[in-house]
Amino acid sequence: MQNLLPFFVAVPLAGGFLMPVLGRLFASRRAAAVLPILFGAALLGLAVRLVLLPDADTPPYWMGAWDFPIGVSLVADGLSKFVLLVVAVVSFAALLFSMDYMTRYTSPGLYYGLFMLMLAGMNGVVLAGDLFNLFVFLEVAGIASYALVAFGTEADELEASFKYLVLGSLASAFVLVAIAVLYNVTGHLNLAKIAETFRASPGPSTMLGAALSESKGGLTVPVYLAAAFLLMGFALKAALVPFHAWLPDAHPSAPAPISAMLSGVLIKACGVYVLARLVFSVFAGAEVFGIILVVLGALSMVTGALLAVGQSDLKRLLAYSSISQVGYVVVAIGTGLVLLAWSPASAALGAVAALALFGGLFHLANHAVFKSLLFLVSGSIEHATGTRALERLGGLGRRMPLTAWCLRAAALAISGIPPFGGFFSKFIILLVLVQAAVLAHWAFWIVAGLALGVALVTLLYYAKVQRAVLGGAPSPATADAREVPFGMALATAALALLCLASALILHPAVKSRLVDPAVAVLTARGSAAAEEGATPPLASDAAAHTAQPDALGRLP
Amino acid sequence: MTLDMLPYLLGFLLLVIGVYAIIAKRNLIKVIVGLLVIDYATNLLLILVGYRSNTGGAPMAPILTPQLTPAQIARHAVDPLPQALILTSIVIGLSVTALVVALAIRLYDRYGTFDTGRFRNLRG
Amino acid sequence: MRGMSLIVKNTTRLVAGFIALFGAYIVLYGHVTPGGGFAGGVIIAGGLVLVVLAFGEEFSRRVISHEVVRTSESVGALAFLGVALLGYLGGAFFKNFLPLGDTGALASAGTLILSNLAIGVKVAAGLFGVFLALALFRRRGEKRLMVRETPAADEEADE
Amino acid sequence: MLLLALLGFMIIGSLVAIETRGLLSSVISVGAVGFALSVIFLLLGAPDLAITQVVVEILVLVVLVRVVITRRDETYATSRSTLAVGSVLLALGILVAVAFWALGSSGGEELRMRPFGSPLLEEQAPASAMAPAGAKVPLAAETVPRSIGGAYLERGLPRTHAANYVMGIVLDYRGYDTLGEATVILVAILGAFAVLRQVGRNRHARHEPDR
């Protein structure tokens, strides 16, 4: 069995290297999309194949055949497989959509080249088993996205891109500082090895260190310093609220398929995913990080939703809504971490924690699908009418029936209306918060209340969007709107179906293949770190124990 | 606090100065200067972290020359790994600088100034 | 952009060759002495920049076109990926599949020299290309004059 | 001592670069800071980096000076509101204060910040602590350095035959990182080309964008 992992980086990289050269050979702009779409399909196939393989068949891949711990490795455990699949699905849809949509812009070769390189960067981040390697691919994805945001070269697009670039570089610098500190303290860059060093450490001897690390795990003050820099860096990348300033400018400025990629997967693969990986697997699941994540997530949830209500630009509204929805994911993951850290006190908490992580990851996947769909639909609308100002739209329900149905599906899913996947993930998160409040700490009541309130506000502003865009009489802008070309229609329709089908994740056969391994990776790490062997394994841990040796790149 | 931590702390100070420039300055060129300073600060921290003093001699670079034996290198040379990381980091910094300068001159082209305060502000 | 004075041109004529030669040396001996593909590539790019500054834009257009720059950039990247892929045939990506040879000799350390060469070409071409794009960027005279362009002109407008 | 003087020069130079009135003097000051950094590299046993830093700095300076002298701008003095700047700086100041304190309080912990000049590289650990179960026994039999930097120094030469250890790491052990680095250059160049296109949008599409 050949190891599939390197191809996740090599395939898009080859595409990215080739496209700028080959791009100008194609006769028309639509033809330039053929090669990238083929590469995207290949990646999708690879991702499906990887998810279907059992963990034992996907050992870490050591670049250059150097061994642990001096080489650089690619690692795929349940969590990274899950994220890889989400990335592959969304990017394939975005590429399909680009074929017709990007005829509005010049230089398709540059566009597809940058797109493929951004994809390579994201896959590289998701698979990285080495901290510095993670940083390098973070930069690849980041720089490609800065350039793509400014791809239209209009003045405000350039300005948004500049802001995004400056804050993104600041985030990268924080990550690099953390790498310097961690290397000095542990002597390693391999994530698994760093985690191992933390777990083996006898713990701090200074006063503050002891106070900070009540929850064991042997972290000391310099480690917390590094963790603070890492948290700031990746919170900037994930646009959690005090660090969100760039997102509402950058995401709407990009071409629609790129907005879909940025909001749909980039902030998750380069932000939320890495945060989860770091706090659970590397920093030994200390509860203080869980509390920080819950607070940041709740802030994002509320601020994003409140700011979204007042927006009149469709894409800008969607961008604020992204902040809010990612807040849900982060709240769920943080809650899972806190409960896991407390779970030795009560076994029930362990089960709730696993459910919280499941809800968080489920919502992550759902949000990737419906938010990228919403951005693509906004692109369709802009393509057909030339505007995305809500007050200038209207009456599109009859003019563009397919696009209208896609918009309805996505809006209902993100507002949490029952048959759609979005309902279940939000419901699970709410349920978990209530359970946490009952079982663990009253403060979760506040978070639960906020989550419920935000869900209602979300329902409200998406109802507003649907009425403004679809209802009413056609405006001057929409009077001669026609349905979009085939490629765009196909991409949006496929994602709309996925919105509906994502509820299938709850089906045991799918859940056990797709999400359970991902949850197991997180719970296994957290609980092992919180209390080594002292508690009986959680119900969901059975799978985790088989997966554990491979997780994060330790050799069997 | 001991004196042997002082270089690290000066490195952190440089980082804060760069962050200050990014936040406080509205002129694009000054912001780019801030980014450069941040790059210097991170590279500086990395090289400081890998330094090993060589008792009774100048610091030894991890490069084998005819005067040295591999064993001497292993015992006295400075850490080569942070140097490898910095090499990559310098390149990344240069790439980011190239892109940011491209954005800045394009913005100047549009507005005739480097001052973000005079730009037509983004909504919100 | 016009060229500079005769003195500058003559000095550049003398120096540019040496700069390029020094850059090539740094690239080739990267695995033995300080330097390497990246530093050498930047030096070569610096030499080219000097030529452009001294002789002006038209000269550089004649000697090295943007096509050459962009193609050699991509070729350098593909060559580096190719070295990695050849390693894959030998067992793993980035596997050092060539004989390691005697430490300190030019032909030593296996694939390192090939990787250095690929990176040198790539960096020299890439940075020179960026310099050309940045330094010779022309302001739009009239913003709205560009509105009615033919598609063919759009296609190639990216320089 | 020389190092501290250079660090002080870097800090003062950066402050001058940020606060000085003219853009050209700002760019030149930051260039001076970069050259000081390359001297520090040389001083700390990193000639590769010194060379690279110098050539990169020259290139950056040439580009920045060209950008600045060909464009008139009198707005260098403007700053943002004091309150926002102050609060962010306060937060960062607290972080650095904690850093000062945290780095200084080195007890007998294993996970402490190693003092400048004696990194983890100098400490040894049992060979079993470094190698995974069932792996080949390293060359140095019983103990190995506790950091991978030390492992590269001990084992790098026999395994790569590169006299320059740094290049051995960059191109061999961590060749994959270097592929990423090469990709970053390509991305930035494509990005710069994309941003500098004279015409970004295709104006004869069905509708004018309304902005």
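Here the chain labels run A, B, C and D in written order, and each chain numbers its own residues starting at 1.
We take it that contacts are C-beta pairs under 8 Å (C-beta built on N, C-alpha and C of every residue); 3 or more make two chains touch, one makes a residue touch a chain.
All of these numbers come straight from a predicted model, not from anything done at the bench.
**Q** Counting C-beta pairs in contact, does A-D beat C-D or the other way around?
**A** The comparison resolves to A-D.
**Q** Which chain has its C-alpha centre farthest away from the C-alpha centre of chain B?
**A** A
**Q** Just curious, how far off is chain D from chain A if you go by their C-alpha centres, in Å?
**A** Computed value for the inter-centroid distance: 27 Å.
**Q** State, to the nearest whole Å, the distance from the C-alpha centre of chain B to the C-alpha centre of chain C.
**A** Distance between chain centres: 23 Å.
**Q** What whole-Å value do you get for the distance between chain A and chain C if each is reduced to the mean of its CA atoms?
**A** Going by mean C-alpha positions, chain A sits 36 Å from chain C.
**Q** Residues touching two or more other chains, restricted to chain B: which are they?
**A** As it turns out, chain B has residues touching two or more other chains at 12, 18-19, 49-50, 61, 63-64, 81-82, 87-88, 91-92, 94-96, 98-99, 101-106, 110.
**Q** Provide the list of chain A residues touching at least two other chains, using ranges where the numbers run on.
**A** Expected reply: 13, 17, 20, 63-64, 106-107, 110, 132, 136, 139, 143, 146-147, 150, 153, 156, 158, 161, 181, 183-184, 189.
**Q** If you look at chain C, which of its residues touch at least two other chains?
**A** Correct list: 33-34, 36, 38, 70, 74, 77, 81, 84, 93-94, 96, 103-104, 123, 127, 130, 133-134, 137, 140, 154, 157-158.
**Q** In graph terms, with chains as vertices and touches as edges, which category applies: line, ring, star, complete, or other?
**A** complete
**Q** Note which residues of chain A are touching chain B in the complex, please.
**A** Residue list for chain A touching chain B: 132, 136, 139, 143, 146-147, 150, 153, 155-156, 158-162, 165-166, 169-170, 172-173, 176-177, 179-181, 183-184, 189, 248-249, 307, 311, 313, 316.
**Q** Where on chain B does chain D make contact in their complex?
**A** For this pair, the touching residues of chain B are 1-2, 4-14, 16-21, 23-27, 29-30, 32-34, 36-37, 40, 43-44, 47-53, 58-65, 70, 73-74, 77-84, 86-88, 90-99, 101-106, 108, 113-115, 117-118.
**Q** Under the definition above, what is the set of chain D residues touching chain C in their complex?
**A** It comes out as residues 47-48, 50-52, 55-56, 58-59, 62-63, 66-67, 157, 160-164, 166-168, 170-172, 175-176, 178-179, 181-183, 185-186, 188-189, 192-194, 196-199, 202-204.
**Q** Can you check the complex and tell me which residues of chain C touch chain A?
**A** 70-71, 74, 77-78, 81, 84-85, 87-88, 91-96, 154-158
**Q** Spell out the part of chain D that touches chain A in their complex, as residue ranges.
**A** Residues 95, 98-99, 101-103, 105, 107-114, 119-121, 130-136, 145-152, 155, 172-177, 179-181, 183-184, 186-188, 190-195, 197, 199-202, 205-211.
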